[in-house]
Amino acid sequence: MNKSRLEAFSDGVFAIIITIMVLELKIPEEASWHSVKPLLPVFICYILSFSFIAIYWVNHHHLMHTLRRVSAGVMWANVLLLFCLSLVPWATGWMGKTNFERVTVAVYGSLLISCGLSYTLLGSTIRKTYKNATKLSLAVSKDDKKGLISTILYGASIPVALFVSPVISACFFVIVSIMWMIPNKAIEEALSDE
Amino acid sequence: MNKSRLEAFSDGVFAIIITIMVLELKIPEEASWHSVKPLLPVFICYILSFSFIAIYWVNHHHLMHTLRRVSAGVMWANVLLLFCLSLVPWATGWMGKTNFERVTVAVYGSLLISCGLSYTLLGSTIRKTYKNATKLSLAVSKDDKKGLISTILYGASIPVALFVSPVISACFFVIVSIMWMIPNKAIEEALSDE
Amino acid sequence: MNKSRLEAFSDGVFAIIITIMVLELKIPEEASWHSVKPLLPVFICYILSFSFIAIYWVNHHHLMHTLRRVSAGVMWANVLLLFCLSLVPWATGWMGKTNFERVTVAVYGSLLISCGLSYTLLGSTIRKTYKNATKLSLAVSKDDKKGLISTILYGASIPVALFVSPVISACFFVIVSIMWMIPNKAIEEALSDE
Amino acid sequence: MNKSRLEAFSDGVFAIIITIMVLELKIPEEASWHSVKPLLPVFICYILSFSFIAIYWVNHHHLMHTLRRVSAGVMWANVLLLFCLSLVPWATGWMGKTNFERVTVAVYGSLLISCGLSYTLLGSTIRKTYKNATKLSLAVSKDDKKGLISTILYGASIPVALFVSPVISACFFVIVSIMWMIPNKAIEEALSDE
């Protein structure tokens, strides 16, 4: 009961964040192929952030599945995650508008780290609420390795963007994104067992 | 449980996409019948896209009804569909603002094809998750014929818009839209049987 | 099952329409009481439309309670109602921005008539889906008298706005709004009986 | 049934209000650390309002848990609360854009009082709908003391902002915000008992 409302609110925020980003894709004044061209970087950023938010939604979904009891800690950790994610449209718009300028890519990378950390916090807060680990909760916690790789790549993306090349940082983001899209067999199995 | 959250998230995104489009209907500075006139093409596009999104929602609703188990494949096919649909407000706004210019109508037609293909992908991914076809799943898959006609008309709309007349393409869109609004008796029956 | 998703989608659209209107309340550049003054008509329109959407939500809620089976007709009548309501933010913004100019008040009145008619259509479509009237469905259909008075006042508001005074029309809207806020005892009773 | 829809609608509005505020965080034209600096006050206001809306959501959640029967009174008290909260993005944007100018801080404080009063009204309306107080309802009503302190601090923030210093008022807001984030042990216990 409690839990379903936490999910409903989170789903609402996820849905709005993912859709609000499209408003940054400004409508060109003219009707020509030429006028669409400057939108290309904004569009690439949109695809990137859309997949990030979708990944967080899918993972959030699995994580909530392991939740037994909603505590105040879980609620506030969830609010913190939603807060970090709510800044993604802004960082996406900035990176797209300035065509992957160094500073904006570094800011985007830092924001992704914050999202990752607050997600880890939510995960560990949820794990504290139950005594016995289920097959699903074990499978979900296996994702921590993916989380670690992501954090390292996000962390590396900041100096790389500032001092080497923002394009390489963007590639890091794409790699992380693809890595998360590969389904976790253990979770799939645990879910179909339940 | 799993499934209900997939629906909740999708419903949220559908609801936002369908409502966000109205923001393209700019409020005139003056209070005269005259100042509303330039809004007419934007308004027509809004009606068109509103009915397309509503049709997708109704169909999505039937399709999800046949779903037994949420797999990673279903989740990502659903995300892809929502991504394509999220671009509809942008394409709608462009087509309306430029008063059905050739290029914008062709882009709108291409976007509708992408939406149609990702919907077909979602349908076939869902069909793979169950062994025995139910009466409803059979009825839903009958819609594939409608889907084929739509894809042909969308496909035709692109060269027609570019080389003949964008107005004829727009008529194609209206025909497809009306075709989908005619209720599918087989689905109705299967649903009331359940 | 079916019905809950119809409600979830409608609730989403209602929630977005009611909240999107506040975006018309522009943020003043300066920080003085003086700079807030021109926002007053926009704010009054916001209160008016907020209460209208809230009234429709409450009534929609009662109406859906009487629904037994979701048919294609119910779905499309619901989509039509949501379409009409989705135009309310635009009409509200226009009326507020132009400080209740004749034309805008007449347009607002016409839109309210469209909303009322599509709501009546949804009600009669729902009534057709069941054979035996329940206590609640009878109580809900009693609201038809209120609906008739509303339609007459909305209808009167158009010529009054155009040829007499838009302020009198605005008063009509307030009267209708207050009339609907008075709870319908019969519905309350029928609901607590269930 | 009834209640779940009230929650769904409220959750939708909460989710939109909390996410719409980020649109006030304008995307800088340039890509430099310097261009982000003027956004700082807007960002601080965003954090503040985000936590206020989140607090209201958490409390609304507890309050609704004690609700047994949805009456017309509860519905309209809930609509009034959502109306007050829907103005928060506007007041937040104004306060941020003008860098905590006296008038805007006073307006923000007044709005928080309105939100608080309408929440108290909702609470007392809900309490009237049941005869016997449960452990949870008692725990929730204990929050009234927190509510009183909040109202006093909000009330004090208005003259303080106008005649002393808007920064001190902003500190009051932060104190109230932190006070509410401390979990109420009694509610936690009552919830886990159920």
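As written, the chain order gives the labels A, B, C and D, with residue 1 at the start of each chain.
As a convention for this text, a residue touches a chain if its C-beta (ideal position, glycine included) is under 8 Å from a C-beta of that chain, and two chains touch if they have at least 3 such contacts.
Treat the numbers as computed from the prediction; the structure is a model and nothing was measured.
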Superposition of chain A upon chain B: rotation angle, C-alpha, nearest 5 degrees: 90
Counting residue numbers used by both copies over all numbers at the interface, does the chain A-chain D contact come out same (over half shared) or different (under half)? different
So how far apart, in whole Å, are chain A and chain D when each is placed at the average of its C-alpha atoms? 26
On a C-alpha centroid basis, what's the spacing between chain B and chain D, in Å? 37
Going by residue number, chain A touches two or more other chains at 8, 12, 15-16, 20, 23
How about chain A: which of its residues touch chain B in the complex? 7-8, 11-12, 14-16, 18-20, 22-23, 25, 27-33, 36, 47, 50-51, 54, 57-58, 61, 64-65, 181, 183-184, 188, 191-192
Considering the complex alone, what residue numbers of chain B touch chain A? 1-2, 5, 8-9, 12-13, 15-17, 20, 23-24, 69-73, 75-76, 79, 82-83, 86-87, 89-90, 93-94, 97-98, 101-104, 107
